[in-house]
Every structure is written in C-alpha cells, then in structure tokens.
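I'd like to ask you about the structure that follows.
We call the chains A, B, C, D and E, going by the order they appear; numbering starts again at 1 in every chain.
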Amino acid sequence: MEQLALFFALLFLTVLGFILGKGRAVALSGHSDQPLHSRLPYYGLYTALWCGLPSLLIMAGWMIFEPQIAEMLVASQLRDSDASITPDQLTLYINDVVNLASGGILSREPDAALLSAADNYSLFRQISYFAMAVVAIAFSLLALFTSLKKINPALRARNQVEKVVSIIMMISSLIAILTTVGIVFSLIFETLRFFDKVPFFDFLFGTHWSPQTALRSDQVGGSGSFGAIPLFAGTMLITFICMVVAIPVGLLSAIYMSEYAGKKFRAFAKPVLEVLAGIPTVVYGFFAALTVAPFFRESGTLLGLSVSSESALAAGMVMGIMIIPFISSLSDDVMNSVPQSLRDASYAMGATKSETITKVIIPAALPGIVGAVLLAMSRAIGETMIVVMAAGLAANLTANPLEAVTTVTVQIVTLLVGDQEFDSAKTLAAFALGLLLFVVTLVMNVVALKVVRKYREKYD
Amino acid sequence: MVKNMTDNTPPLKINPTLLKRRNAAEKRFRFYGLAAVMTAVLVLCLLLTSIISKGYTAFQQTYILVDIRLDAESIDPKGTKRVEDLAAASYKGLLRNALREQFPGIEGRKAKRSLYGLVGSAADFDVRDAVLDNPKLVGTTATIAVKSSDDVDSFYKGYIPRDVPESNRKIKDRELAWLDTLAADDRIVKKFNVDFFTNGDSREPEEAGILGAVVGSLYTLAITLALCFPIGVLTAIYLEEFAPTNKWTDLIEVNINNLAAVPSIVFGLLGLAIFLNFMGLPRSAPIVGGMVLALMTLPTIIIASRAALKAVPPSIREAALGIGASRMQTVFHHVLPLAMPGILTGTILGMAQALGETAPLLMIGMVAFIADIPGSMSDAATVLPVQIYLWADSPERGFVEKTSAAIMILLAFLVVMNAIAVILRKRFERRW
Amino acid sequence: MDMQNYTTQSETATSEPKITARDVNVFYGASQALKSIQLDIGANEVTSLIGPSGCGKSTFLRCLNRMNDVIENCTVEGRISLDGVDLYNSGLDPVLLRARVGMVFQKPNPFPKSIFDNIAYGPRLHGTVSNKDELDERVEKSLRRAGLWEEVKDRLDKPGTGLSGGQQQRLCIARAIAINPEVILMDEPCSALDPIATAKIEELIDELRERFTIVIVTHSMQQAARVSQRTAFFHLGELVEVGETDRLFTSPQDDRTQGYITGRFG
Amino acid sequence: RDQIRIVGSSTVFPFSTTVAETFGKTTGFKTPVVESTGSGGGMKLFCAGVGVEHPDITNASRRIKASEYEKCTKNGVSITEVKIGFDGIVLANSKQSDRLTLTKKQIFMALAKQVPVDGKLIDNPYQKWSDIDSSLPNSKIEVLGPPPTSGTRDAFVELAMEGGAKKFDQLKALRKSDKKAFKAIAHTLREDGAYVEAGENDNLIIQKLEANPQALGIFGFSFLDQNADKIQGSIVEGAEPTFENIAAGDYGVSRSLYFYVKKEHVGSVPGIQEFVNAFTNEDAWGDEGYLADKGLIPLPAADREQVKNSARGLQSLSM
Amino acid sequence: MDMQNYTTQSETATSEPKITARDVNVFYGASQALKSIQLDIGANEVTSLIGPSGCGKSTFLRCLNRMNDVIENCTVEGRISLDGVDLYNSGLDPVLLRARVGMVFQKPNPFPKSIFDNIAYGPRLHGTVSNKDELDERVEKSLRRAGLWEEVKDRLDKPGTGLSGGQQQRLCIARAIAINPEVILMDEPCSALDPIATAKIEELIDELRERFTIVIVTHSMQQAARVSQRTAFFHLGELVEVGETDRLFTSPQDDRTQGYITGRFG
C-alpha cells in the first residue's frame, strides 16, 4: 500500500504539473506579443506528461526489479555464511525469509539466522521504498521545473503532446506484433523437436492421426500416425458448417436490425443476441451433445441415415449459433454507418429496401462485414469445448457431416491437458499443430486481405 | 459532338411480373431477416430456459431442525465464553448425539453412518455459527437449523423420485422413513441459500459457493479491460489513421487478423512462457489471467475498432482538418466518437469471450480448486467459467444444479458488464 | 374548404395536372416545415420551385416521391396524388412510385461504385435493358445527355466518387434519367455547374419535357424563367404564389413574391 | 508463498481437494490450491525443479514413470510416494437396458482394432455384441470412453484389453516373442466408430448413456457410485464393480492412485507435513473415512499402515 | 523557364502577393489534374477562380491549405508559398497552415453535432475564446455574418445535419469564419443559396476582404465580377489567363477565355 501512496503522490504532481504548465502559458499569453503556438491546455499536458510519465515508468521498473534485488541480497548474505547451499534451496530459504518478513504463516520455528535475514530483508525493502520514492519524486519535480522553464510561446506543445500520444499508439500496435513473436517462439522449439521425431512430410501430408498408437509402440511416427490432414479436414468441415449457420443468420439479423427494425426493437435485440457470445462454451457443449446430436441421430434413423451420436453437424451448428453475434453486431454497426445519402440515392431510383441493401449498403460496408466474418471464423477455428463434447475426438478423414470428426484445436487441447510424457512426440505434436494452424490461418488471412482490397468501395 | 440525341425510348414501363418478383423478394428478404433474429433469440431462450429450469433450485437449501443439547462441558469447558474458544470447539459430536436422540435405537455402524449422512458434512459449522451468534445458548438445548446433505436436498427438490425401486434410489428406504418422520414434525425447512453467494468453492455441494469465482472474474476482467481496451483502440487508431499504408501496415493487419484465429489455449502457453517462466509472476493469479485474456481479446477489439473507424466518412475528417484541427484532434474529437458504437461492440464481444474462457487459464494454473476467496490480484483465484467447468465435471449429483446456477451468475455478470457498454453505445449512435 | 379556394391560390395547371397536392403539411418532429400547400403540377411541363433558402422547397420535392418516409421524424399530412392516385393513403407502393418519379438530390450522392455502375444501377434494377450492349448504349446515352460523356468516357470503371463536384452532379442527373421516369424531380441540378454545362442541362430539361413531367428547384430566377412553364414561390413553408412563369415574374400578385424576384427581400 | 500447491491427475483431484478443504478448515494453514492438470502434466510441473515457483505435491492416477523419476532427480527433486487407494474403472450402461456380463476376452474382442480370427489377425469384424457371444444382447457395440491422452484410458487398455488379449494363445505367444508387437495389438482400440472417444467429462458420458441405452461408457467408479440410480456397472470376469469387490481386489479393472511429495519443500512451504498427515488419517482414507464417501476405494488396512508410516516419515522413493 | 514568362501569363497581383504558386502540377494517381500552374494571390483582395466543371478549380484550392494531403493517391508538385514560406517543403506544420487558411468545401459537410458545436468547434480548438459568453457571442456573430442566425437561433442545439442544403452551406461558411483565418478559401459558397442569401454572403466577402485574403471558386461570372478584384480562368487543368477582373471580363486575351465568358464554349 506504500506504493499506492507514492502513486498518488506522483499523480498529484502530474495534476500539479498540468495546472502550473497551463498557468505559465496563461501568464505568457498575457504579456507576450508573440502568440502562443498551441492552446493553453496543451502546455499543461506537456508539463503533466513530463512530470508523470517518466517517474511512473521509473516506479514501475523499480517495482519489477526491486524484489529480485532484495532476494539477491538475502541470497548473497546466506551464501557468505553457508557456501554449500544450492540455488534451489536458496529460493525456499528466501521464501521463508519473505514469509517471515511479511508476517505470513511459517513452516517452522524461525532460527536466529532466519530472523536476522528477515530483518535485513525488511530493512532493505524499507530503504528501497524510500529510495524509490525519493528518486521518483525528485525526477518528477526536476521534470516539472525544466519543462516549466521550457514553456515559451514558440514551444510546440501540441506537437510534443501528440508525439507522445503517437508513440504510445505505436507501442500499442507493437504489442500485437510482440504477441505473434511470442507465440511463434513458444511454439517453434517444441515443434522443431517434434520434427526430429516425426518426418515433416508425414506430419503435413499424412492421412492418419492416432497419437496414442505411435507412442505405445515406442516407434514413433513409424506407422504414420501423426498425419495432420484429418485434423485440418475436420477443422474445415466444422468451420464450414458453422459458417453456413452463422453467416446467413448473422448477416440477415444485422440487416434486419440496421435496416428494417424500429429503434426499440434494435436496442433490444442487439444486446440480447450478444448474450449468445457470452454463454460459456460448456453450456453449448452440453446443448450440442445432449439435445442437438440425439435429435439428429433420431431424425437420421427415421430417414434411414446412419448418423453417429457424435457428429460434425451438431457441433458445427451449435458453434454457428455461438458466433452469430460476432457477425450480426459488427455488421450491424458498419451497415449503420453507411451514409444515409447513399440509401436515399438508391430509394430514389425505385429500388426496394432489399435491393438497396444488397446492391448498395452491403458493398459499401463490405470490408467491415468481411472483417466480422473472418473474426467469427477465427473464433470457430479456435473453439474446443463444443467439438470435444459433441463431435468427439476421433480423427476421421471424411467430408460427411454426419460422422464424428475432430479439429486441430481440440487435439492441441487434449494433448496438452491429457496425460503427457516428457519429450514424447505426442505432447510435442500439440506445438507442431499450433504452429501449422498458425501458418494456415496466416495464408487464409493474406488471401482475405487481397480479396477485400480488390472489392473495397470507398464512399463519400 | 452529337447534336441530336433526342431520346425516343418511352417512359419507364414497369414490368408487372418483374415488379411482382421484386416485391416478393423484398417481402421474403424482410421475413428472412426477422426469422434470423427470431431464430437466434429463440435458441437463446431455449438455452436460458434449460439453464434456469435446472439451476433455480440451487438458490434454496434444505435445512433440518435439530434439537441439540449444547452442554457447556464439551463446548466451553473453561467457561470463558470467549468467542475464540466457542469457535474452536468441536460440535460434530453434539450434532451426532442430537441425531441419535432424535431417532433412538439405531444400532450398527452402517445405520449410524447413514443417519449422520442426513445432515451436510459441514453441518456442525451451522451449529457453531448459531452458538457464536448467541453465546447464551451454551448449556441449553436449542433447536438449530442445520444444512441437510446434498442427497436429502436433492430429494426435497424432487430430483430423487420416491416411487422407484430402492436400488435405483440414492435415498434408501430407511432414510426415507427418517425423513418422513422429520417432515411430519415440521423439521424440514427450505431457506434461501445465502451461502451460495458468500462461500468459496467446496467439495460438498451444499457448502459450495460462487463468491470466490465471482471475485476472481472481477479481478481478472478488470485487468483484461484495463489493458485491452486502451491498447486495442489505440492500435486501431494508429493503423487506421496514422500508419503509412505500406507493406508493414499490411503485415500488422494480417498479423492481427491471424491472432484472432490462434486457439485460446496457445495464449495460455504464451502466458506460461512469458508471464510465469520469464517474468516470474505467481501461478493462478488473476493478474496473469487478466493479461493472457487481454492478449486474446485484443484482436477482437482491434478488428472491430478498425472497421468502425473505416466507416466514418472522409468528409467529416476533411471538415475538421479544414478548420485547422490536427489529425490527432480530428480523430479524438470527431472520428472516435462516431466510431465508438463499433468499438464498444467489439469490446462487448471480446469481453464476453474473455468472461467465458477456460482453456488458456488451464496453462497458467487458474483451473484449480481454490477454496479461499482471493484478496488481491496476485492471490490464487479461479474464474466463473472455470468454476462451472469444475462443477460440471464433479461426480456429486448436487453439483448439477450448482453448475446451472453458476452459469446464471455468469450470465448475470455478463449482462451487468454489457449493460454499461450497451447504454454508452446507444448514446454514441447516430447516422449521417 | 372547397375546390374553389385552391384555384384562387394556385391557378390550375396549363394541362391536365399530373400531380396534385392538397393541404400538405410537413413536420420535422414538432417544427412545421410546410404549411397547407396546394399545388397542381401539370403533365409535360416544367414547374420550378423558387424561394429563399430553408423555405421548404426540398421538403416539398421529397414529398412527391415519398423520400420523406426515410427521414425518421418527418411526418407528412394532407393528400398528394399522381395521376389521381393518392400517394400516401392508397396503399401505393413507394418503390413503384419512386421508379416513376425520379429524383436528383441537392447534394450529389454518387454510389461508391464505378461511373458505369452508377448509371447502370437503375436499368439493371428495373430490367429495362436486356443485354450488355443495350446497357452500354443506355449508359453512354445517359451520360451524353447529361453532358458528361466526353469527360468520363475513358474512365468509366473509375469510382464515381472521384469526380469533381460538378461532374458528380451531372452523374446523378444521368443516373436519374437512365430509367426514364415519368416525372423527374430535380433539386438544384445546376448548382455546381458552369454556364455551359448548365445550358446543356437546360436543353436536356427542355427536351425531356416533351414526354415527361419535370419539377425543378432553382435559386436562379433566370433559370426558372428560361426552362419552366410554371413557377411556384415558397416562403417560410408557405406556398405564396404559383402561376405561369412569365406572368409570375412580370406581374407577381403577392408582395412577398414581388419582393423576392426584385431582390428586395429581407 | 505460504500455501501448498498441488497439481496432477484429474482422477485424484476430487479426493485431493476434499482433503485440502478439510485441512484448510481444521488447521491454521491456508487451504491448498489444487490444480487438475492430468497425471503427466502434473509430473512435468512437479519435476521441473525445487523452489517456490514449482508445486509441492503432484497427484497421479498411475505410478511415476522411470523417465519422470529421472527428470525429477536431475532437477534435484527427491520425492516421497504415497499410494492412497484404488479407483475402479467401470463399464456401465443405462438402467433402461440389461446389465452386461462380460469377460476381458469379450471386451478385447469388442474393442480391439485387430482381433485374431482363425489364427489370423484381421480388422475387427464384430458389429454387435451378439456377434461375439450369442449370450450377449443383440445390440450394436457402442462404447464411449476417454481419449488416448487420458490416464483412465491407459489403465483400461492395460488392465482390460491386455488381460483379454492374453486369453488368445496366439497373442500370448506373441507376447513372449515380441512384446512390442503384442502391446501394439492389445492397446489399439478400434477406430471404426464402435469405440467413441468422448472427452474427459464423465458426467457428459453418463448423460449420453441415459440418452442412448445401447451404449456403454468407461469411467471411474466414483461416477458410478454417484449415479447408481441411472446406470449400472457391467460384471467383468464374474465380479460386479462394487465398493467391496474393488477393495477386496475381486474386480479386475482397477488401478492404484498416488500422490508424490517434494521433500525439499517440507519445512519451507508451510503445512506439507501436516497435509500428508491429514491425508493418511483414518478419518480421511480409512474404510469409513470421508474419502470413501467420495468414491475412493481404500487400501487394505495393512497396506494403509505401511504407507502411512513411510509417508509420514517422508521416505524417499527410489527406482 | 524564367520569371518573365509568368508575368505574361499572369499579371502580378495588385498588392504584394499573399500566396504564390509556381509550376504546380497535381496528379490523381496517374492522371494529371493541374498542369504547371503559376499564380499569385494578392493580400487583402478577392481572387476568383472560374472555369468549366472538372477543370481543376477545387483541386487548386485544396492545394493552398494542403487538404490534398488527405486524398490517398493525390500528389502535388511545384512550389506554393504563403507569405514567402513554402507550404510543402519547408517543414511547415499543415495544421497551423489550415488554421491560417480556412476553407469552405464544395459539398457542405457539417459535423453530426449541434449547430452551436459546429461553429464553436474552431474557436474552442484554437482557444481564441476564453469563456462561455465570448463563445456564445462568437457563434452568434459568425452565424449572423453568414446570414443564418435568424433561421437557427431557436435551434442551436439541433444537429447541423438537419438543416436544408443552403442552410448547411451557410453553416459551413460561418464555421470557417469563426476562427478568423488570414486566408479564406471558398469553393462555390453560394451554389445552394438564393439571391438574397447570396447577396448577404457577397457582402460578407467584401467586408472580410479588408482584413483577409479570399479565394473563391464560382460558376457565376456575375458573381466573380461583383466580388473579386482578380480572376483566374482555368481550363482542362491549365491556368489559361489571370488578371484584373474587369480587364479579364471586358478584354480577355485568350480565345478560350473569350469563348467561356461569352458562353460560346463547347
């Protein structure tokens, strides 16, 4: 909670910076013949940013590294007194020290060494906190004075502030890139290890997936049991079924809400549909497995079809329902923002509403709609629970929606949470699947981007 | 130039068959639209009905009124009447005595066990709480309501039919007779199940509560929202309004779209590698869960925000720029407010997804049995969907209704969370 | 009120009226934009609507093809009929109506499609062309008549939104005439046009008049005098005076009309 | 960290959590956090090293493997093994149908991918139970069971399938000559739809059984125990899967459950020793302990005594 | 090319030039919209740009405050300077430039905000008012000067997009003058206005000229003659002729100019 106090102190300084900066600008504008470059608040923001941002960063950095330093200190002390201690024991010892220092429950009666270590530790923490406070506040004050001094009519305060904001924006967009890099890195090493055990092409083009068999016979991959094709085929089948349900229902709902429905109905229906996206997938899983799948099986039997009790159809359809709001709400928003003048133009040509929608509004809103569909599809590809519960886990290479299939994601999850062994191809396969899926969807997205670029209509 | 272009085509003749077709198409289209909305609403109703019909009973709990002799010797041998002493005493024996007195003449360990099994395994805590509430009870014989076991509870909620062969019934004939006696004595009462809202997780259905998971979800989603909303919106603005259009921006765009398709469990792997193993943050902590979910939600918000920004007509940007607003000002004063509905939709969908997600949390240790209610963002915690997942996977029958009830809580959580965004979104909405 | 009343206010159209408006009141929310308008629009002639900005000309025009329906808080009262059929209360299909009554809006609003597709939109919609050649021909003819062909013939596949202001305006005119509606409503069709382009459009209007009925909103009294047979003067939501164009401009009966056309108005 | 962290098997999870909860309620320590990561996943985390960031205890529905043990040792982890009881793996169907009486051989014939017929291994030809033995019902073979990644499945193939395979002389001979080949046959379940991989949610399997009375399900005894009003366990080799039969070792398809304690953490993370004591208390794992109510089949009393001593004494496991 | 050349083509501005354009070429993608334009715009005078639709008037206007920057495939070459400072190559902040060089667009583009906020946006942005009263006053004054006050004074809180075409146009004029820019660029500011409103705006232009520099695009040669001191005639992306307005209209030197102003153009 001491940190919180410091945080508020810095916040206070930031606000103070704003007020002083603005005040100085006001004073300048009063008796300076040169007009100020920017509006007054920007000078305030300029000072505030200097006051707040660096010292907050210092504080954050300090808080991240300080415990490590403190522990290192305790550790070095301990090593001095007892050279034989292993690093592992060290962490446990430090745990004791930290527990003792913070008044937590202890595993044993503290001995003198522990007590003194704990004392040292708390002392260090106190000093460190004090130092952090001094440094942060000093920096803040320093920044306050220098930036106040810098304020003069020619200072491009707005540009400076905007520069900071745009740097923050750039950092934000970097996070997406970093995430990707992180994902690739957290998959690639295991994947490479996997390809040590299983030939790349067997994995890529094999048509048989049965990770267990390979493992038990201890001659991994020899039987070609790591063929990813059935998984990708299953993913495609289920995603396809899912989109067959979700695209028409979602798009038509969006059209109805944005173009036909009254305000009240729309205000009601849109959030209601959005609830569909928030129902936990377990619920959908039960629904698919216990309501939809038996229904299909029985109807199939009546029609003389053989429908397995776990079917791609049931899972895909229920998944389609789940992602309806992704399409309906997002498409509704973009269609809603197509300018009214375009609708007017079409109506005035004697077009019916539906013609206006299909020929004018949807083309104009196409990039947004495609984005929504891609997003929905992405969710479908990534979904597990429904498939596990309703489509099963058997990797069948089939295009028949009435049979059980499984998907890449499901296999990744079951491989990762199931009984695993160190370095077995079975566990590593999950990483390879993850990476391969990543590549496949990447290709899909590149193609989608190209297509959207081609058909984009820019209005106004 | 052609001078005489006099057009001799007759005025538009409306082709009646075509018009009929067009009108029919129009009607059909409208109907399809309504049907689509209705289908979706219907399915939702179906799901909700099945959840509610299974789960509403969880908000009640069956209690058995037992006359307990609270003799001072065993509760408070020193006679201090101090709360700590009263709390530390064991009430199990007293409760068992009371049950035996209620049904005298029961012999044999098996019979005794099934008698004790009428009350919940933590029923002695009900007795303790009653004593702590009113220490004057010590030394008297008091009638105290204690929780029944989950089977008895299920029986009174109608989940265990009476008229089936004994072997198919969880409540055996002997227990049935006892219960009937108790019921005849008006000793069976149903009360609102407060504990469900104030307890953490438990292995006993009658003790299990949702609070731990709610608090965990609250912490986790607070972090998620605090991270993914600003980062997502800023990224979208940067890409849509500021970034130069070149290969790099395309790369980032494709990349973000691609992140949306990464299975959520892979985000868990990422979190494990970066936040736990590299940064050394604690396992099972909402702070890590929040960050992982934020990474997972980010693409949704970015994609929705970009679509919304793109939809704002350029003339509005030009108007602002023409007055001397900077691009940043144009964006924040005009474009962003107009794009807000779409951005909020993205946030609603993204957060809904984050609220219902279990798989990534598996990797970072949040799929766990955690009985204590988390007190901070770095304490071990679960979240609502995990709680649902765990309960749905428990053998005890009593968890069936709890599972549904937990789903109801999750949906309530969702509705409350969305409500703010939905109201905001309505305020920002306008056509131009 | 009886029919006598109307004739005093608005001389009957020279020919059989194509459109008659009786007692038309239009409201935007609570504020009234048009007050009890009585107006006959003759077939095969050009009627021009003049009046100061904001007096309700566009509003009236939009009543004639029910484009006001799409404005959320706009309510139209009274009776407007086309060829004797009530537009609002007889179950007439507004879609059909709008196909018969074309419109050029005040603000050019090309579709974000290619120039070709902008023009081809109507003919395709109404199935008035049967093959690609006919369509090409129709597009070319429409663009020629609007005086835009020469400027855009090499870029028919470029977006219509990339045209200059005046070009967009002509594009919208071409788009409207491409379906040959019986009645054409034009809301300041020449506002963004230079004199030569304007002359071209006026020529077009003159030519169209032979077979169609035209209503045009204009701020230029010269233009009204040049192209229209009858002129209606609106002021503050009222129809002040209507009559043969020559008559109205030479001997206006209402002081307000007088004031407006002599430029003394305030 | 002042809280015990337990990871590991989902089968042991219900028992481990019950003890953890009671432990939290009755002692001054915090309630341990128990994660369900699967036996293998638990081992992986557990053996990763010593220190606060690593778990203190892992549960397993099978014994630790040699490779896992090596990894542990390599990372400086020394462990104490605690065997806590048995779990019966049952084959069950809906009470709407008749109870099945099966032998392991029949189970093998029904579920193996390849079966010996007239001395040759062929793809499993049996579609109905009555194809295997005329005394069995004339209904489609449809068995819902766990996926290959599950420990339950491991145990099932090892105990039931292998046991069945051994009944064929031909396979028995093969086992002697080529153990790998034998295992490959015995452990491979058919993939033509008769065996349905149904995920690890056992409640779901039970509900599916109710919906489909023809089908059989494979899962742990505690689920049968809790749902005795709806489903019945098939008799295997003459023994019904009951508490008593499993405890007595009469029911053949049962496996032992374990947990492993990281000795290095005892004394550093508060409460580990006390937790082990609580688990090995008669109140918990005894014949009438609360774990028995949860479906854990206790060890025989003598074994309990022995395990208790070694566990409380934190004897190191060596392999 | 040397400076001599320019003077023959474009007489030097009557006063010290406020803006000079040298060798300006503008391309939309591959197609050239302006070809080597040389033009001086004098301070404190009104320069009008005339020419047939699509000849590049708006494009040129948008060069002067760098609004072309926001059009994706538009490239500007050459040198344009304001008070001697190069607009494009001297690191001048386009934001500051646009605050100094206000613009009224050809298509009225009010913000989807209230009428008040539309006008108040500029003053708030540039902090040229210090309190609410001043702001109110500024809004009222701007609206009055654009001749819109009487019509909207009761509905200042209503959206600007709910105004009539001409009202929107005046709103945009009022919005532009509310920030008192040094130079005002007006792209057909009276296209949707009736004669009285037009007169009002012309009066405003005349009044503004005393302190500011104004460039106006118009299709009405009468208007150009009425309000401007200098006139530039554009044709097919070229600047054909520029000179004192009186001179240009009475004795044009180029045949094309002659043709255009006498309406013989084709």
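The rule is simple: a contact is a pair of C-beta atoms (placed from the backbone, for glycine too) under 8 Å apart; a residue touches a chain by one contact, two chains touch by 3 or more.
Source: prediction; values computed, not measured.
The minimum number of touch steps linking chain D to chain E comes to 2. Comparing chain C-alpha centroids with the centroid of the full set of protein C-alpha atoms picks out A as the closest. Of all chain pairs, the one linked by the largest number of contacting C-beta pairs is A-B.
Greatest Cα centroid separation from chain A: this falls to C. With centres taken as mean Cα positions, chain D sits 36 Å from chain A. One simple way to say how far apart two chains are is to compare their mean CA positions; for chain A and chain E this gives 48 Å.
In whole angstrom, the spacing between the mean C-alpha positions of chain A and chain C is 54. Mean C-alpha positions place chain C and chain D at a centre distance of 83 Å. Multi-chain contact residues, meaning those touching two or more other chains, occur in chain C at positions 95-96, 99-100, 107, 126, 179, 181. Contact with two or more other chains is made by residues 1, 30, 37, 53, 200-201, 204 of chain D. Looking at chain A, one finds that residues 158, 286, 340, 352, 355, 416-417, 458-460 touch two or more other chains. Contact annotation for chain pairs lists A-B, A-C, A-D, A-E, B-C, B-D, B-E, C-E, with touch applied as defined. Within the complex formed with chain E, the residues of chain B that make contact are 1, 245, 314-327, 329, 333-334, 338, 430, 432. Interface of chain A with chain E (complex): residues 37, 39-41, 156, 158-159. Within the complex, the chain E residues that touch chain B are 65, 67, 70, 72, 95-100, 102-103, 105, 107, 109-112, 121-122, 125-126, 159, 161, 172, 175-176, 179, 181, 266.
Within the complex formed with chain C, the chain B residues making contact are 1-2, 5-7, 9-15, 18-19, 22-23, 26.
Only residues 1, 3, 5, 7, 10, 13-14, 16-18, 20-21, 24-25, 30-31, 33-37, 53, 95, 200-204, 220, 222-223, 225-230, 288, 290, 293-295 of chain D touch chain B when the two sit together in their complex.
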